[in-house]
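Data block below; observations after.
Residue numbering begins at 1 within each chain, and the chains themselves are lettered A, B, C and D in the order written.
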Amino acid sequence: MTQRQQSPLQAHLYKIIFGTDTPSGKWFDLILIFAILISVGVIIGDSMANIHRDYGALLQRLEWGFTLLFTLEYMLRIWIARNRRAYIFSLYGLIDLLAILPSYLAIMIPQTAPLLIIRLLRVLRVFRVLRLVGYLNDANQIAGVLRSSWRQIFVFFSIVITIIVVFGCLIYVLEGPNNGFENIPVSVYWAIVTVTTVGYGDVVPVTAAGRAISALAMLVGYAIIAVPTGIFTANIIEKRQTKRTPLNCPQCSRAGHEEDARYCRHCGSYLRTDSDEETTT
Amino acid sequence: MTQRQQSPLQAHLYKIIFGTDTPSGKWFDLILIFAILISVGVIIGDSMANIHRDYGALLQRLEWGFTLLFTLEYMLRIWIARNRRAYIFSLYGLIDLLAILPSYLAIMIPQTAPLLIIRLLRVLRVFRVLRLVGYLNDANQIAGVLRSSWRQIFVFFSIVITIIVVFGCLIYVLEGPNNGFENIPVSVYWAIVTVTTVGYGDVVPVTAAGRAISALAMLVGYAIIAVPTGIFTANIIEKRQTKRTPLNCPQCSRAGHEEDARYCRHCGSYLRTDSDEETTT
Amino acid sequence: MTQRQQSPLQAHLYKIIFGTDTPSGKWFDLILIFAILISVGVIIGDSMANIHRDYGALLQRLEWGFTLLFTLEYMLRIWIARNRRAYIFSLYGLIDLLAILPSYLAIMIPQTAPLLIIRLLRVLRVFRVLRLVGYLNDANQIAGVLRSSWRQIFVFFSIVITIIVVFGCLIYVLEGPNNGFENIPVSVYWAIVTVTTVGYGDVVPVTAAGRAISALAMLVGYAIIAVPTGIFTANIIEKRQTKRTPLNCPQCSRAGHEEDARYCRHCGSYLRTDSDEETTT
Amino acid sequence: MTQRQQSPLQAHLYKIIFGTDTPSGKWFDLILIFAILISVGVIIGDSMANIHRDYGALLQRLEWGFTLLFTLEYMLRIWIARNRRAYIFSLYGLIDLLAILPSYLAIMIPQTAPLLIIRLLRVLRVFRVLRLVGYLNDANQIAGVLRSSWRQIFVFFSIVITIIVVFGCLIYVLEGPNNGFENIPVSVYWAIVTVTTVGYGDVVPVTAAGRAISALAMLVGYAIIAVPTGIFTANIIEKRQTKRTPLNCPQCSRAGHEEDARYCRHCGSYLRTDSDEETTT
């Protein structure tokens, strides 16, 4: 436990910077999100030739201002965090760090500046501000189902990628290097473009055999999208239907009872007092 | 309440123009829909070079005829509406206004004429005519589920757009301005084309690293379509299942009875008192 | 009722040609499907330049042979049908007619010959031969759910097509006739290509405003595919879950009872005798 | 039964090569998967012009080393298999054979070497190693649902392919051989590219009638993806729901108990006799 004792100033800043319950905490987050969006706008603007020509110097200075601001904020967050290590290695902590790193990196390698866009990820903090109206719950529900579908989706994608590589090699053998399928990596790139039904058309088969194989790849890609959709849909329905009570059995203390359960399904003892019943929704 | 007393003439016209229950009310709507479709056909025809050359003057005059007709109808609707303010600011009222505005705008800016096509939206009134056979219920059910899925879909699209912008910047850094990825907005446009699996092929990666990133973007786009589909499907199923009454049988206390059930299908006992019946919708 | 008395010969041929229960009936269908596939192969082969050059005359003669064969079969079917009018105007009867018409039409308009391919539809008869192993049930189940989803899908497609036309006009105004968006029909074609995520890339926006609108069209198309999928999935689940017994209530004679129902939900009378219960699967 | 008596050496090797329960069995599989991935990397590398120029001879030798290794392993597997015939004709046995065949074939036809990539399929053995954490169950569940959906998906694809061929012929008649639709096979290839929403754009309609037909093909392809998705989703949900025990409570006779339930959650009475418990899988 590296949980430290906070000074009163730290505790006050903590409420503003990390909290979202107080008005000042909410305003801090809203201003932060606004600053992130402007700073992203600056990066995008700077990438456009005519804007860069006319306002390049200004945008450069603005960009450095934002970087200093976010650096300051990052250091402040570390200073006031109750558990510094936990914050630094949390998802938000890492994104906060990534949001400022490319600026310093760009001093040495200038063309990496657009990577700063990664700070856009910070904008997902917006769900925290919207917390009260349930947006965070929705985000968490989606994330929860994705997490519980993770293994099945991993299995599915292992098989899809194996199919894609095999299709890539088949087309490489059938079309040969003369028709744009220069090597297997390019052919696998073509197979991904085809199976995902993106279909750029930058590399296309021209022989009859190649077109037959790519027709098969398209039909496979068109059909198997049903699999992750079906798995995810079934998981989301299942999750909603088996909302469990937070009750533990008073006798065998096992949890995970269904919402309408009155008796423990493991030991048969009565789960709730009559006054509890009304709380079930 | 700005509900006004209607004169007998207004009340009679109201039945024809706003109502769909009387034969004349139905005929009015059908003729209106027919006029909208012809007027849309006129706009489309006028955009084709050879038709414009041969019949341009005629179509122009027809177009003005329809505009005057719809203007007249719009003013009539305002005159006879029971609650004028409510009609003007209702969805249909705004569409009715939008359906005539571009014509007058086109006097000053001629190339905006095709915007008149917005009057096609008025054709969705057709569902009101089809009301009796249940089409409106279906439209309302779809709209209802979309409304209740709104927040989850907002969360999903916030995340998708963040992913798209990050992919756009990555490709911009990897491919550089020489391969068509001129600036970040173009690169983000490419990312949208790729993640939605549209794949025009007007801007495509040519370097190995760019192709690897775009392969990743394709797989992400191909997989995450499962999320809104799963959410919407789960919501539509949930909405239909909760139509079942929450009543438990007073004798055997089993639930899950259909909405119109008066007797328990398991034990045959009477399910509800007569006063309950009216509450069922 | 035009149900006629069949002669013994007609009755015998009926069993072979229309029936699938006898071995000879099954063989007839299998040979017919085989003939259809070969005749389709002939049409496809004849469309290929080198095959047409070398074997054109042979294929032409084969094609006429098949046309005569199918004409003969069609007339035989009419002759032996129990109810001639019913057969002629049934779906299969119309396809049988369509399968031979283009040949005779091609005498006058030679380039319509490939339309003969419509006879491929006859091959769907294959489900009748496979009937015993349940394929027809599956086809009927899919068709049944599609039929019951018809109205909702009609509503959905009305809205999608309205959106597509509006997008088409917006892009026409923004991109103008110089960038390939020659007129509104072409722009609507572009909108369909974009919203369905096909993305040929033959007509693409080049201005910033046009690209912004098309990005929006893509996101709309990417998201709304969830709607028909959700509707169809919910309908198929609903259909399976509420498999109704074919029982009518002995007292109030209403049908549509759920499979596990023992008492009529309308009048409460007992639905079945104990011996019936075992028949529920 | 060709189940043979294994010698102690065979039995020991069997545990290592076929088993995944012992540490050495797990290590064997992990090393094998690693070898497969490297050998696939060698094939991919060898297909790239610059790598082939610089390291071609080395990669060639590596490739032969892997082929000899896998040949040896294959013969070992046959030698130690409890039931040789069963192993040789099992899916894994056939893939193991396919993984070495192309090397020997490539001596005669050198350009078939990339077909060796088929050995990537062996990598799917990885699910066996991951067995303990449930990956294999997930793969089996997906496979199980696909198997039970097989007939419906076959029916669906028969209809889709018929529609595709008909669309192909229509476009061939409408666009003719001048616009790239050289013959019916090419037109059917176009129809597959369009209906699956891949949309390469290498063959596109240019006439108004052709574009109208292809717009229809796109809308059909966009809509009917809902069908396999709906079928698969319904099947996966159905499969999971029937996992619930078919037991009714002996006292209150309510059903729908979870699989591991021993007591009724509604009335608390004991659900099963001890002899029943083992039958639950």
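The rule is short, and it goes like this: a residue touches a chain if its C-beta (ideal position, glycine included) is under 8 Å from a C-beta of that chain, and two chains touch if they have at least 3 such contacts.
Every value quoted in this text rests on a predicted model; they were computed, and no experiment measured them.
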{"item": "Interface numbering overlap (same over half, different under half) for subunit C and subunit D", "value": "different"}
{"item": "Between A-B and A-C, the pair joined by more C-beta contacts", "value": "A-B"}
{"item": "Length of the line joining the C-alpha centres of subunit A and subunit C, rounded to whole Å", "value": "41"}
{"item": "Length of the line joining the C-alpha centres of subunit A and subunit B, rounded to whole Å", "value": "29"}
{"item": "Overlap residues in subunit B, where contacts from two or more other chains coincide", "value": "185, 188, 197-201, 221, 225, 229, 231, 233, 237"}
{"item": "In the complex with subunit D, residue positions of subunit A that touch it", "value": "151-152, 154-156, 158-159, 162, 165-166, 168-170, 172-173, 176-177, 182-185, 188, 194, 197-201, 204, 208, 211-212, 215, 218-219, 221-223, 225-227, 229-231, 233-234, 237-238, 257-258, 260-270"}
{"item": "Residues of subunit D defined as touching subunit A within the complex", "value": "40, 43-44, 47-49, 111-112, 114-115, 117-118, 120-121, 123-124, 126-127, 133-135, 138-139, 141-142, 145-146, 153, 157, 185-186, 188-189, 192-193, 195-202, 221, 225, 228-229, 231-233, 235-237, 240, 257-258, 260-270"}
{"item": "Residue ranges of subunit B in contact with subunit D within the complex", "value": "197-201, 229, 233, 252, 254"}
